[in-house]
């Protein structure tokens, strides 16, 4: 704290300010993109990255997803799974490596501009606007769209019927599973070309988890590639076309979901036998 | 260049600026800057304790300083003849009753089960208490204020030596801080800023309006002094002789000597407080404070009572401001409630702390001197600048008159710019925390 | 008849002034609450922003007056108001660019921005005094009363007069229009919703493609307009003095906090709560009670609960009571 000149010295006086909801994504200027044909639809290729001047968290880590696929990142706590996602989304400082989307190198783009390029991201926490209604959450998801997005909203409501029922309720009043549906729905509103989910089932009950996985598969069937981080490795790998096991910020195992599930070493270390 | 050398140079620069003032303007103004610089440093020390070491945002410094000033009056002025018997005791009684009413209401709040009955009971106690309080207070106040209103019209003080008022001022401020801290700290989140902002205004309003206590806006003047009067010095043959020995005329020598005595007194207080602050901060208590500041959650998990620590440091810091307030009123030898303004007595102290270096006691002192020097000297500088700008304009031009007249407001502008520049380019202040 | 007289006296001295003052506080508190909600800090420079905007309005008013422009029975200041707002917008956007933006990019904590706003307070205060001086300025012209006490008595034959000042009428009408526009903007328009989204969750707003700098810009523009309108209405109704505007900070903050910081509805409610408590507690009730109480029981004294000098104390005590009962304010603000 004392080495951060603009820190608050532990002040928690809400009559001077309210840090709740304050952003953590450091603003950065967007650089240029250039064509880089070939390869998977979205790939974070040999990424070495960290926060600011801090140490590297990712070491030569590669994550990719292709059209029509679900790719899952699993691994122990602190393995850099979420960090890997964030690196793909441009929220870290990339020291080495590239991110390519649909034949274009987007390594130097800011997160906002990646949204405009068609990437949808659902963070693990704080992934809905709690004080706004469900419908307003979806509208905000469609913020960058200037066309008529009523069709998309209808599709989201078809996918998550409970949201239609609760559309005028404040999203913060919903249950955990419903909130995750709002979060995914919000990201779908941009009509993303690829959807990235950071632990979509964190903190929901097993029944709700199954339902959420079903929905995610349904989204994938509409043709949107999905890259997600999951804590529940076994279930996630079961639905995965491609799986990445990360350990300490580096690729440990890579393969199809089935291969990884069958791999005795993976089973022993990460799936509990 | 190591830190100690740099700090020494910074202090030396300020010393040189003040010495230059002595040569260029007058030694009187130079010494006055030193004296007020000492007082400002003490205030900054208090605020630094709160902000620098505990992250508490106090915007009611003015109130604590004014309480110190009130202490100076109540301790040192002679009691007004007959005031206590005609109404003084009744006033005290009424105040006690008022306090009792509030306590009773609070007790009711705590004891009774929540519900309409409790709300009604509390309101009833407060309303009845208020009217009885007013019925007792008003006549007593009128009686006191009727005593020779042109000269006194107030209770007067205890007639004790004025130096006693310095610690008493600290106690007054500490008491107020305890009340504020108790209510405003330690809920799930604090609201200390608005609480201090409000209380400070209320304290000033009380000082301005409660004539029976300190004559309100009629001001109390001629407070007894801890140092000799100039006129006595001038009449003392030995002093005149010694002054002549140094080549001073008696009048100038007497004013300088008086200021030097004040400076010596203030310097002693500052050194004591500085020593105490340094000791406190390197004690386990101080380390705990910084641990809380830097990671409150962890400190709380280790069983540290964060709220109690914050309350302690808030009271201590405010007490220091109270002491400084008493010292200032002592030197002015008058209490003028109308002059207490937040920009001068609250926000300016904040500029001192930030510019000097939050979290560093020496920084607070440096900031106190530097900013006070600027506060005093920007006006003549501004005037000089305006005269330069308007030199070419015709005599009697309205713009020229306006510009020269406005030079007085340059100091506010300067303070704002200094604060913003330091925050932007040297956010940890001139002497950063180590 | 006496009851009617009592009601007229009450309206004359408490209700109408209370509503007018409440509207002014509400507009001020809305500005504070918006900055708190979007930029996440308590803007100590708000009182001086009001002073700057009002000063610009006054200068343009004087210009119009010297040119012979007027609005008939309405004050010329209304004609000058858009220019004052324009000036305040430029001022705030300029300040944001030069001062606040840097700290936003550093993700500085709110309390740092509060200290920054102290610096801005000094600067605005200095500039205002530099340009227009520290003295009282009166810039009211046009018809003074919509209805004067004398006319009212003649009209109704009642003993009590009811005066309705033009400035009070303008204040109330303007406040209603401004508040309606603001709420429509925040709740119905795309830009307004994006402001609420940003206030709720900055990162997610960014991930939804909302441009933070645009949100901040719109906020400052609205705050500039609100501050100038509030300041000008207050100045017309009472008078313009830079120091008074600085001091308005306390009741305005109290209003915003009582209502719940960050909640626009709360800011309005808070404004009226604070205004009415100030007016009722510092009003001398002798006249009203004289009508209501039975013969012989009329009060002797002024029946003034507290002297007007304690109006700050009143707002503050109300604030304390509300916080002790409802720590988040009347309408759940963003706190805790």
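The letters A, B and C name the chains in turn, as written, and every chain counts its residues from 1.
Here is the rule we use: a residue touches a chain if its C-beta (ideal position, glycine included) is under 8 Å from a C-beta of that chain, and two chains touch if they have at least 3 such contacts.
Quick caveat, the model's predicted, so the values are computed rather than measured.
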item: Taking each chain's C-alpha mean as its centre, the one farthest from chain A; value: B
item: Chain ID, smallest distance between chain and overall C-alpha centroids; value: C
item: Euclidean distance of C-alpha centroids - chain A vs chain B, Å; value: 54
item: Distance from chain C to chain B - Cα centre to Cα centre, in angstrom; value: 30
item: Inter-chain centre distance, chain A versus chain C - centres from mean C-alpha coordinates, in Å; value: 44
item: Overlap residues in chain C, where contacts from two or more other chains coincide; value: 42, 111-112, 114, 253, 257, 335-336
item: Where chain B touches two or more other chains at once, by residue number; value: 55, 57, 189, 191, 193-195
item: Multi-chain contact sites of chain A, meaning residues that touch two or more partners; value: 6, 8-9, 11, 13-16
item: Interface residues, chain B side, partner chain C - complex; value: 55, 57, 59, 130, 183, 187-189, 191, 193-195, 197-199, 201-202, 205, 208-209, 341-343, 347, 350-351, 354, 405-406, 409-417, 419-420, 423-424
item: Residues of chain A that touch chain B when the two form their complex; value: 1-2, 5-6, 8-16
item: Partner chain A, residues of chain B touching it in the complex; value: 51-52, 54-57, 189-195, 290, 292-296, 358-359, 427-428, 433
item: List of chain C residues in touch with chain B within their complex; value: 42, 44, 99, 102, 111-112, 114-116, 118-127, 129-131, 133-134, 243, 246-247, 249-250, 253-254, 257, 305, 307, 309-310, 312-313, 315-316, 319-320, 323-324, 327, 335-336
item: Chain C-facing residues of chain A, complex; value: 6-9, 11, 13-27, 111-112, 115-116, 121, 123, 126-132, 136, 139-141, 143-144, 186-187, 190
